[in-house]
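Take a look at these structures.
In the two complexes that follow, subunit A is the common piece, with subunit B as its partner first and subunit C second.
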Partner chain A sequence: MNDQSQSAALASSAALRARPVALPAFLTGSMKIGSTLLKAAALAVFAFLLFGPLANLALWSVAERWYAPFKLPVSYGLRYWEVVFRPTGDAMSSLATSVGIASLVVVVALAVSVPAGYALARLRLPWRTFIMILFLLPQAFPSVAIYINVARVFYSLGLTGTIPGVVLVHAAHGLVYSVWIAAAAFSAVDRDLELAARNMGASPLRAFMTVTLPLAMPGIMASGIFVFLESLDEFTGTFFVGVPQVTTLPLLLYNASMGGNYQIASITALILLVPSVLFMLIIERFLKADVLSKVGQ
Partner chain B sequence: MSRPSLLGFLLIAPALLMIGVLFLYPLGFSLGAAFTAGGQPSLTHFEKAFELYSTDILFTIFVVVVSTLLTALFSVLIAGVLTLSETPWLVAGLRALYRWPLFIPFIVAAQCMRTFLAKNGLMNNTLVATGVLEPLQATSFLDWRGIIITFVWKQVPFVTLMLAGAMASIDRATIEAGRNLGASRPRILVELVLPQVAQTLLVGLVLSFVTMLSVLSVPMMVAGSQPTMLTVDMAFRINSYGDYATANALGVISYALSAAAAWIYLRHNVKREVQA
Partner chain C sequence: MAGTSASIAIAIDDLKVDYGTQRVLHGVDLDVAPGEFIAILGSSGCGKTTLLRTIAGFQKAAGGAIRLFGQDVVNTPPEKRGIAMMFQSYALWPHMTVLGNVGYGLRLRGLSKADTRARVEIVLRMLNLTGLEDRKVTQLSGGQRQRVALGRALAIEPDLLLLDEPLSNLDAKVRIQVRAEIKSLQSRLGFTAIQVTHDREEAMTMADRIVVMDAGRIAQVGAPKDVYDNPVSPFVASFMGADNTLDLDVRQGASGLEVMAHGQDAPTLWNGNAPMGAVTAYFRDDVASIQAPDAKSEGAIVLPGSITQRTYPGGHYRYVVATKDRHFTVTDDRYLDLGHPVGLRLPLESLHLFPSAQ
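Let's look at the complex of A and B:
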């Protein structure tokens, strides 16, 4: 609902509301101030609970020495940032591994889900609903129990501890989103435009490449970004399939944190936050309401 | 277009193959490993799992159920304020704030909480500095409370987003009618708004429930080793003993827990259809 109609509705409801008893003016005045203070305090507590943990993370990333009983770091500095961003450091190679894996995952997931999404949206398929649910199933099962068996199967194939193994695991995980969003993106394309292209003599493939695909592109881009981020943030699958050779950023974070190196862990966490926050800010531009309303249909 | 198309099948085959090889096959593998011993059907692995991990099974159920209930409470509260509040700055402030944890990865949330909830973390230090807590009363929250706090912190934005969307699309006339008749806003939220968005709330909660059952990083990083959640036990059985049988029995128990959540959802749906 848009804000204008909402505030108009609120205004009209406020105007129509009958006050059962008229209170003296000084009393309503102080009650109003009291309730405003209460609301402000509640909002402040809420903000603290949301951003407190993130603030603690940011503090650790610039703390050179911090131990009990000191409430704040004993000395500040960027020494650990220098350690992390040193070109030969573990963090830079983990970042490269993570970005490389995520890019490959996008390629694999889109190569598989664009045709599948088109077929689900446009072509007559038997058991269509069943197939859509099948793609959702991996989300309905606790993933650790699946990954330990994937790792066992991959071990016999020599895929554990390799980049292709990790890419496959991440791509299967991302397929849920990419197939559903791609199907929704193709459903949102006006079928008459395709028919017009066909009437003017375009082959089915040409109509698809020049009309359908470009129109569905924003939705497909969104699903690609989504898959990229899911892969970048993925921990459980990499933990079972990738170790010990493949160290992505989340694994580096985990190892640093469990080893008590909170500075490295916090800086790695901040690096992982950047794409997530960017995504939150731009997602609304890619994922339009007309596509969103078609998801799952 | 009327006959089932071969082209459609060809286009969808690679995706189906991937789900088959990377999900259905391992799923079958896990069921097979859990229910057989020496090639014979057997429940011995479950006996061992219950014998060693019954505390952790109860602990997992407790943590996930409490987290789900708290998630429901806070999301209804926040979505309710967003929908019904007549204070524009409060709505604007809340709307700008509540979504932030949504896209933060679990592992980053776990690292945040590992520092924030520690004995000498920012939470205790702030409470002591503002005089709410005596310095000696400060304790570490890095146990079951930490896991619950992290889960709720991560999942409330997700459920609130779904819920606020559903609440925005219900008919405002019923709300205004209730207001005109003098009903308070909490009462309107509980009696008029909630029944209309119960379906959405339930979907969000079931998804959160399964997500919490799947997360490995949060219990490993936020809480100590005993008691802990089933995900950590599974990883421990594999990494320390290579014991796939017991790990898969624990896995089947975690499937059963998420199946219970799905069953509650389906039962609610059937009831709704019978009523309609």
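Let's look at the complex of A and C:
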């Protein structure tokens, strides 16, 4: 998803630069054509970067035989789809593992980010910025270096190769998003709304449950979805901590493509795409501008 | 000031509040009788909203006491004080209906759904909001929201109602109407009310007593007419609209006080009370009047001047009169020519005299 958005940014900045500035009349005509061509080229590059790999994926998923000199598959069929979706297949069990882990990660991350986000939003903590950055730290170092050490520590704790181990690794990774988004969601709730509930006789907990939390819910939901998808997508941590007992979808994808089984890899990748697209739609609905503007403040 | 008597609804005793290291309330004392309507008046930053929020329990006090019917609540959390507050922003919960908002306090007090609904219906009828129970508050107009906020505060039948600039978000016409409504509700239901406002007229028309605040202290407390006619300090005088100033010199003469303004040739004799020496007079535009420059008048200062500007706002003319070194705005029914020499008459009994600040 990152590569896609980067290429989108590149393409759009290329389109911006192509816009003509005020020029003599005899030049503007040819400039217009030039800029149109440039725009079209930029769009084509953008479309290729975005849809090229996807088209390739789709093609591979229905290719039963495809080898070297041929530009297109030799024969088409849905045989591999059947293999993937076979109830006894690896793919279905890894999907279940992935979704199960992702759900647990959401629970763990929200259990931390709701209280932490509320505290960061409401209390005048002296080390506020420091704490916010602390949650960012796991992202600041090369993940392989971190995960190798995490794996070592987890090994001595008996957590390697277990679901809880993988959940913890994913949660640490997802916390930065969920804490930052939750803090933003809580800051967007006017303090007076909470005080009004206290004023009417509600205890602090009651005011939080009936007023603050429901109003921050869209942001919390968005952060939960974000964490869910991050976990679904996560590869490095799972590779170092979970292998060989825990096989998530990205690991299956990795194994399949390493084994040269591009059909299985492609179909797995397409399955992984579904939640990402759903996420885009949901986040657009739930994350309002007033919450987004407070992220990281 | 021991406010232990039950005839005092709220007794505030030497209340101090800090924001961090900065003190914003420097020992406020105030007693409010049951059923009384108090308006706290002051410019922004004078601590009036802080005082209100400290009474409500949203702001911690650094010292002093707040006694509600004899009981000190200064360390009681807001939900246990039984004080209802109406917020300037209304602070209505956007995820709830009108019923949910107004009935919130009732549900907390253990009323059943049906009883809450019945009670909310009564409150809404009282506020001319009948039938809006199931409307989302986000779908209401500004005036309706203001009433819902008031209804939510009144639904729990509080002994004390705090109002934080309740009318500032309404347009002028609605404001005057709602003013009268709040006042009549208060006399009907008998609750004690403390309202914060920066609008002098609002404070004067609604309150039994007004409290003028300045820089975290109470500058004056009294009935509206009292404060208006007899301000105790230059600050109160200018806050109550007497914002013209004139430097005077007061001396003890043989048969009373001799008051002389800059630019006068002879002192005015007066047998009222005034501080001696250099004195600054504060007065409102409407105490000045125009008369013939040479006419003598008893107990009034007459400054020679001439008319430099004339406007007709309706009903009377408004003139700008230039005296030796100043300009004053005066209204008069007569039509006078520009440049006309006049005497600006300032009756001494209508001037607020304070020793000049040195």
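As a working rule, the second predicted complex is superposed on the first by the 254 of 297 C-alpha atoms of A that agree within 3 Å, B and C clash if a C-alpha of one lies under 4 Å from a C-alpha of the other, contacts with A are read in each partner's own complex, and residues count from 1 in each chain.
Just so we're on the same page, a contact is a pair of C-beta atoms (placed from the backbone, for glycine too) under 8 Å apart; a residue touches a chain by one contact, two chains touch by 3 or more.
Model, not experiment: these values are computed from the prediction.
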Joint occupancy of subunit A by subunit B and subunit C, clash or fit: fit
Winner by number of subunit A residues touched, once subunit B and subunit C are compared: B
Touched partner set for A:E64, first subunit B, second subunit C, both or neither: neither
Partner chain in contact with A:A202 - subunit B first, subunit C second, else both or neither: second
First, second, both or neither for A:E82, with subunit B first and subunit C second: neither
Lowest C-alpha to C-alpha distance for subunit C against subunit B (Å): 6
On subunit A, positions contacted by subunit B and by subunit C: none
Residue numbers on subunit A that touch subunit B, as the complex places them: 1, 6-7, 9-10, 12-14, 16-18, 20, 36, 39, 43, 46-57, 59-60, 67-72, 111-113, 115-116, 118-120, 123-126, 131, 134-135, 137-153, 168-169, 171-172, 175, 179, 229, 232-233, 235-236, 239-240, 250, 253-254, 257-258, 262, 265-266, 269, 272-273, 276-277, 279-280
Parts of subunit B lying in touch with subunit A, wherever the complex brings them together: 1-5, 7-9, 11-12, 14-16, 18-19, 22-23, 25-27, 29-30, 33, 86-88, 90, 93-94, 97-116, 119-123, 125-126, 128-129, 153, 168-169, 172, 175-176, 179-180, 182, 207, 210, 213-217, 220-221, 230-231, 234-235, 238, 244, 247-248, 250-252, 254-255, 257-258, 262
Touch list for subunit C against partner subunit A, complex: 56-58, 77-80, 82-85, 87, 89, 91-95, 104-105, 108-109, 152, 156
Residues of subunit A touching subunit C in the complex: 190, 192-193, 195-204, 206-207, 210-211, 214-215
